Each structure stands twice: as C-alpha cells, then as structure tokens.
Amino acid sequence: MPDKSPYSELKERVLEANLKLVKEGLVVLTWGNASEVDRERGVYAIKPSGVSYETMKSDDIVIVSLETGEVVEGSLRPSSDSPTHHVLYKAFPSLGGIVHTHSEKAVSWAQANREIPCMGTTHADTFYGSVPLTRRLTEKEINDAYEVNSGKVIVEHFTEKKLNPEHVPGVLLPFHGPFTWGKNGMDAVKNSIILEEVAKMAMNTLLIAGKSMEAPDYLKDKHFLRKHGPGAYYGQK
Amino acid sequence: MPDKSPYSELKERVLEANLKLVKEGLVVLTWGNASEVDRERGVYAIKPSGVSYETMKSDDIVIVSLETGEVVEGSLRPSSDSPTHHVLYKAFPSLGGIVHTHSEKAVSWAQANREIPCMGTTHADTFYGSVPLTRRLTEKEINDAYEVNSGKVIVEHFTEKKLNPEHVPGVLLPFHGPFTWGKNGMDAVKNSIILEEVAKMAMNTLLIAGKSMEAPDYLKDKHFLRKHGPGAYYGQK
Amino acid sequence: MPDKSPYSELKERVLEANLKLVKEGLVVLTWGNASEVDRERGVYAIKPSGVSYETMKSDDIVIVSLETGEVVEGSLRPSSDSPTHHVLYKAFPSLGGIVHTHSEKAVSWAQANREIPCMGTTHADTFYGSVPLTRRLTEKEINDAYEVNSGKVIVEHFTEKKLNPEHVPGVLLPFHGPFTWGKNGMDAVKNSIILEEVAKMAMNTLLIAGKSMEAPDYLKDKHFLRKHGPGAYYGQK
Amino acid sequence: MPDKSPYSELKERVLEANLKLVKEGLVVLTWGNASEVDRERGVYAIKPSGVSYETMKSDDIVIVSLETGEVVEGSLRPSSDSPTHHVLYKAFPSLGGIVHTHSEKAVSWAQANREIPCMGTTHADTFYGSVPLTRRLTEKEINDAYEVNSGKVIVEHFTEKKLNPEHVPGVLLPFHGPFTWGKNGMDAVKNSIILEEVAKMAMNTLLIAGKSMEAPDYLKDKHFLRKHGPGAYYGQK
C-alpha cells in the first residue's frame, strides 16, 4: 500500500477549482487551468496538460516546486502554462491561486487588444480601475521562453503601472486571454467568473452606447471600498 | 426548544424568491437580493449580505423594521442594499416586494446611461413607457449615504416625472443596474425576469435597426391595458 | 364519473406542443401559445390565457369552434391571441397548427420593423424567400379588434404579395413578434424553432458583414426544393 | 437470428459522434451530420438523412462505399450531404472523420461570406491561418450536382491555396456553413466545437475593436507548433 501523498488536500482543492471552471462554462474541452500555492511547503499544485476534465482525478494534479519550477510529485506533465503561474507566484507574494481560461468574452477583449475600462459597479466591486492589458510580447520573447515571458510581461505591467495585484486580480494578454488570481484556487476561479461577466457587460455597453463608458472615480472608490479594506461593510463580519 | 419565529412564512417566501433569481440566471455568485414587506406588522424580510445561495436557509433571511430600518430578527447582516429597499417601501405604499440584480443586459443599459425605450409589445405588456434611468448621484450623495440616496434618487425620479410605480415596476441606476418591484417578492422577481428579457430585445433591436425604435403610443396603451386595469382581458378572471 | 372528452387526444397534443416551446427556450413566463386544428370536427385546441406552464394539464386546453370562434369545451379562457389563430385557420386551409412566441431574436427583428432576408441555406431550407413583416396596424384597427386585425393583416400581406403559407411558414408583426404555422401543432413549433435560429444567424451576419446579405436565388431554390415538393430527396422516403 | 454487422463498432462510434454534436449545442433539430471512414475496408459510416437524434440507433447509421459512394449496408438513406463527405475522403487521404453542422456563429461568418481571420491563440492552437471560405458555386454547379460540387469546391480551394487539411481542419461554404474534419469522427466533432468557439470570439472581437484583428505570425506559429508536429509539448507524451 503506497504512502499517502502529503499534498492530497491541496490536490483535492485544485481538482475542485478546475472542475468549477467547467461547471461555470468558462472552459471548453481542455482549455484552462487552475493552481494553488502552499507557500510554507514551497510548492504549487496545478492541472496536468491536455487531460480531459471528465476523467481527471486528484492524483492527476501535479505538484511543482516554487523554487525551481520542477515537478515534485505526479506522473503527468503539468499544464503548459505552468511556467507563467510560477513567475507570478514568485513575483507576487500575495497570490494564493491562479487561473487561466479561454472564456469567450474576456478572450474577445484580449483579441481586440483593449483593456476593459471600469464601466460600472459590477466591475468596481472587484477590480479597482481597468482590467489591464499587457504589451505584446516580441518575436524573440515568444520564441525564447513563451510561457515564462507571459508571466514576466504581466509582472512588468503591474510594476510599471504601480498596480497592486490584490486590487486588480486579473489581466489580459493581447491576442490570448485572461489570467486571474486570488487568495486561493477557488478565489481565483471566482475572479475569473467575475471577469467574464464584466467583459460581457462592457461589450454590451459599448454596443448600446456606441462608445466606451467610464464610471466616475468616486463611484468606483465607493464600491471597491464597500467590499475591501478596513471600512468594508459588504458580507458578514 | 426555541420558539418558532412569527415571520417564518415571510422568510420562506423571501428565500424562495431569492433562489428563483439564481434559477432564472439573473444572479451570479452572491450578487442580487430580493425582499418582501409585511405592512401590517411593519417589517420587511431581506436576503443576508454576501451569503452563498447554495447554503442559504430561511432562517438566514433578515427581518428589518419598516419604521427604523433596524434589524428586528436574524443573526446575519442584511443585504448592503437594505437601506435602498427601506426608502422605496416607505415612499411607495403600493410596493409588496423589491428585487435588485446585476443581470447582464439590464446592467449594460445602466452602464450605457440610457433608459430603455419601449420598442415593442413585450415591453409594453409590463412597463408603461420607458424603463427609466435616474440621474447620477453626486460625489457627496455617494459618500454620505450611498444606499439611502440610491433609494431617494429613484423616488425623486418617479416624483418629478409623475411616474406611477405600479405602471413602471422597475428602474435603472446609472453605472449600476436595475431595481424592480411588484405585489410581493415573487412578483418583483417576475418583473426582473421581464426587464432582463426586454433589455436583451432592445439591445438586439438597436443593432438590427441601427437606431433606437419606439412603438406607437396606441400600441403601448393597448398592450398595457389588455393586462392591467378594469378592462383587462389577459389571463383568467 | 364524467364522460371522456371527445377532444382528449387533440388536447394532449396541444399541451405537448406548448410544453415543447418552453423546453426549447422560446417562451418566458406565460408568453406564447400553440394551437392545432381538427378541420373535420370544425374546432381548434389552444392554450388557456396566462396559465403557468408548470401546472398546465391537458384538460386546461380550450376547444374553440372554427365556425364561430366561441369556446366549445373547457372552463378556462383561451389565449388572448385566439382570435388571431381563428382568422388564420379560416383564411389558410392548409394550416394544421399555429404558434405565437416572444422568442428573443425573432421579436428583435419585429421590433426593428425589418423582414428577415434569406441570408443562407439554413433559412432557405424552410422559408422560401424572406420571413415577411406585415404593415403596422392603424390606431383604429388596434382599438377596434386588435387580435382579429392581427390575423387579418397577415392574410392581407400574404394575399397581396402572393405568398403561399406552405412555403413561408411564418411572419413578423411590427413591434410585436412572430407567428409560425405548420402541418400540425408540433410542426408549427418546429418552424418557430427554425425561425428563432434563422433570426439569430441573420442578426450575426448583419454585424459581421456590416450590411444585409442575400443568398442567390438558385441556391435558395436548390435548398428549398431539396426538402419540399415532388423532387425532394432530404430525409427518408 | 441475424448475423452481426461487420461494421458495428464503426457505426457505434459514428452514432456517438453525432450525439455529441447535439450535446454540445452545435445541432438544432436534425441539422448536421458526422461520419468516419475505415480506409482498410473501403467504407465510411454516416448519419441517415432527416432522422431524429432522440431515437437514432447505431443500426440506423449507413455504411457507404468509398469506391462508389453507394450504400453498402443499412436500410435508411444516408445524409443528403453524403456525396460531399465522399469527395473529401477521396481527395484528402489524411481525413478520418468529417462533420457538417449549422452551428450558429460559424454559419453567420459563412453567410457574411467572410473567412475567419486568426485573431488569437484560441484559433491558432488548432487552425493554422484563417478558417478559409471557398468561392461560391455557380448556378450550373448547384443544379448539376450540388453536394458533389460542394466537396469539389473545398478540394479546389485547398489545392489552389496550397492548404494542408491536417493544419486547417475546417472550411466555410458561402451562404451555407462549416465542414470540419479530423483523425476520426470524434476528432472532427472536437474541431467543430473549436470552430464555433473561434467564430464567436472573432465576431465579438470585430464588435469590440470596430475592425478585424490579426495575430502576429510568430504568435500563430508558436501556438500551432506547441500542439502539433515534432516539437509539440502540449498534452501528455
């Protein structure tokens, strides 16, 4: 009888987060991946690459070293986007979980190479300001180390624009799609649900108004601070 | 053994109304809330703030005093939008139930800062004239008492425009979203379903016609009066 | 023990047709109605007005005289659109079933006051030429006998344009929505499914092409005649 | 007791592929068909024409000779599109399965007479370059042998443009809709799911950006080659 994995609870949670993406309609076929980090033990758990969600078991979830990016436990290859998760976990210590999807409307904004302006309170409740769009990777960056550089360009964007990843829990990569994050895997999933909803509403708003809209700053502040920070009064104590 | 709550039936109905919002796809995550008033006993029952619909029980529903706006029964915080409900119940004696959602298409019109013109009979059957859009709250109104002032600006709009809330069972707040109401909680839910459907059709119509459309007044009158008032002949006697 | 209704099979079929509309997502709340005619016995069966689909039983279906338009059997009021069905059954002897819905995309074209041009083979397989749009009713026609005149304006359109209702199994009423028909109730439901699908695709095509498209006549002929008439070879013999 | 069909496994797989189309929402009513070829035995199995998916059994699947296009086994008529499948299997030896649908968004691009440009990585992962659009068939081609010529014009397009059907697993026919293919029937279904998703995103992108977008060639190459060819590293070994 094999020893039980020391990561079984983490893997179980990451499996659930990945299955939730499917249930919420954010993932088609095998597109998309969720991970969660355990900073004390220096690892993150991530979906295996190209495996069907219908048959995925918690033991298929791959454990990766936060230090080296190498597989620590698991017989399958990690998601091909694992290096992007790795870069983000290393650069942003507040991240507990990361999700990548090809959800329809968020991808559409990414393909249009447009950030999503804050057009209303649904957006402002979770994202402080626009959902940002990074610069395009160069040909060299893509050919040298595509997935690593996808992470680096996100870090570069947040650093240069002085964005706090806790206040802006997601980003769009041009021609590609969204990454979101949160306190843990399931929280990152929640933020990917919100991002997709916000992307839908923003597209509709563009079409109805015939132009982009922007909520006033004091409304954005009110909604974000109603839910976040010391003065928050949304939800239970 | 605890005494049974005197409000248990009211709470049961409000729970059902809230769950119906989820079932109809009008609510994502914990966004949205339904309430119902009992004017004889001077209270309304409302969803608790930020609680998952999957685990919500009727005992989580909060009873609030119509007089003071204070919690009368329940261990959880009421919805953060409770003060808006409170203002509306006080100002409009005909209201029996109120619903707030972030339903996709109604929010999109709100974000576009446009009222929804009556483009056809689906709209005219329930809303007499446009689904109105209030003015924007000022920075001061938002910072002083956001939720109370969200209610007040609705009342101001209906008063100034001489709108009858029984004939116009809903409204849009700019950059935010819809409030609807009705004879009771479930009737308010029904009107939020109708508003979302009307908002979808109006957006499509804009895109197909390339401009806004407006049904003739005599068609609006016919459809509204077929369903409402002494000459109504839709439905059973 | 009461005598069994002589119309029980007809009522059963009409109940099924109405429930199919809900299952296919063409009907919200109580909007929409399906009927089927029995020309030998001189009656048609139709949904009652404003009754919930969730509790509707076959005995709620109302039997109406084709001669007089009066109720022959049933304790509930027939659909408020019953006079429209009546006019159509009288004018078009080939009709076996009629459906009216407020399906989202077909209503959107009706609200835009535009017929749906034949943009491709999905359309041409069932509708020979455009899905027509009648003229608007006058104020007098609406106030005098709205539902009867809704039927009459359809008949007027088909007569003036020399359209064969067997080749064009549906129509749009301006600012209102679609009526479809077929060999029986379920066939009319099938044509309302097709009309909604065709309306979706035509709207998308407008948006993608930036203008209306029109399939060549020889492609329209080919597809329609592949399925209809003596040379048809689609389906089983 | 009848002899068991030598094609029972093939028919079972083709039934499953056809039912998967319905489950994925790519097919309405009886529109669409999937087939799979067995090149060793010189036959392909295809859906019967106009049969309801709800009652279809594996014995309804029709076996057609790859040599002659004639039915080899089965009592029902093959899909009316069978000659198109036949032409494609003969011309492209790498094809193992073929699917035709009237999926909403792919049809909309076909009706707009526009190829789908590669606007991002979701597209580039599966289609190398645009999803092509063939030229329109002439009146003579349509009247002489519509379904055969639908296949021939696809072959003509791929030949003239030097497209490899393994790298471009689908195509649009003007005013009609998509054909996709793959290693087997289920793989062709998978590519029809992807095509519909890509068509949705491309339409949204057009509307958000106000113009067509095109991913840079090095990003297209990276994504396609990450999944295909000797250097592929997506999925499991």
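Letters A, B, C and D mark the chains as written, and numbering starts fresh at 1 in each.
Definition applied: a residue touches a chain if its C-beta (ideal position, glycine included) is under 8 Å from a C-beta of that chain, and two chains touch if they have at least 3 such contacts.
Composition by chain, UniProt nomenclature: A, B, C, D = L-ribulose-5-phosphate 4-epimerase.
Nothing here was measured: the structure is a model prediction, and the numbers come from that model.
J.: Any chance you could name the chains that touch subunit B and subunit D both?
T.: Shared contacts of subunit B and subunit D: A, C.
J.: If you take the mean of the Cα atoms for each chain, which one ends up farthest from subunit B?
T.: Of all the other chains, the one whose centre lies farthest from subunit B is D.
J.: For the sequence-identical pair subunit A and subunit D, determine the rotation angle of the Cα superposition and round it to the nearest 5 degrees.
T.: To bring subunit A onto subunit D, one rotates by 90 degrees.
J.: Would you kindly tell me how far, in whole Å, the mean C-alpha position of subunit D lies from that of subunit C?
T.: 33
J.: Enumerate the residues of subunit A that touch no fewer than two other chains.
T.: As it turns out, subunit A has residues touching two or more other chains at 207.
J.: Name the graph shape formed by the protein chains and their touching pairs; answer line, ring, star, complete or other.
T.: Its topology is that of a ring.
J.: What are all the chain pairs that meet the touch criterion?
T.: Pairs satisfying the touch definition: A-B, A-D, B-C, C-D.
J.: Any idea which subunit D residues touch subunit C in the complex?
T.: Checking each residue of subunit D against subunit C gives 28-31, 48-51, 76-77, 80, 102, 104-105, 107-114, 136-137, 139, 142-143, 146, 175-177, 203, 206-207.
J.: Please give the residue numbers of subunit A that touch subunit B in the complex, ascending.
T.: 119-122, 190, 193-194, 197, 200-202, 204-205, 207-209, 213, 215-216, 218-219, 222, 226, 233-237
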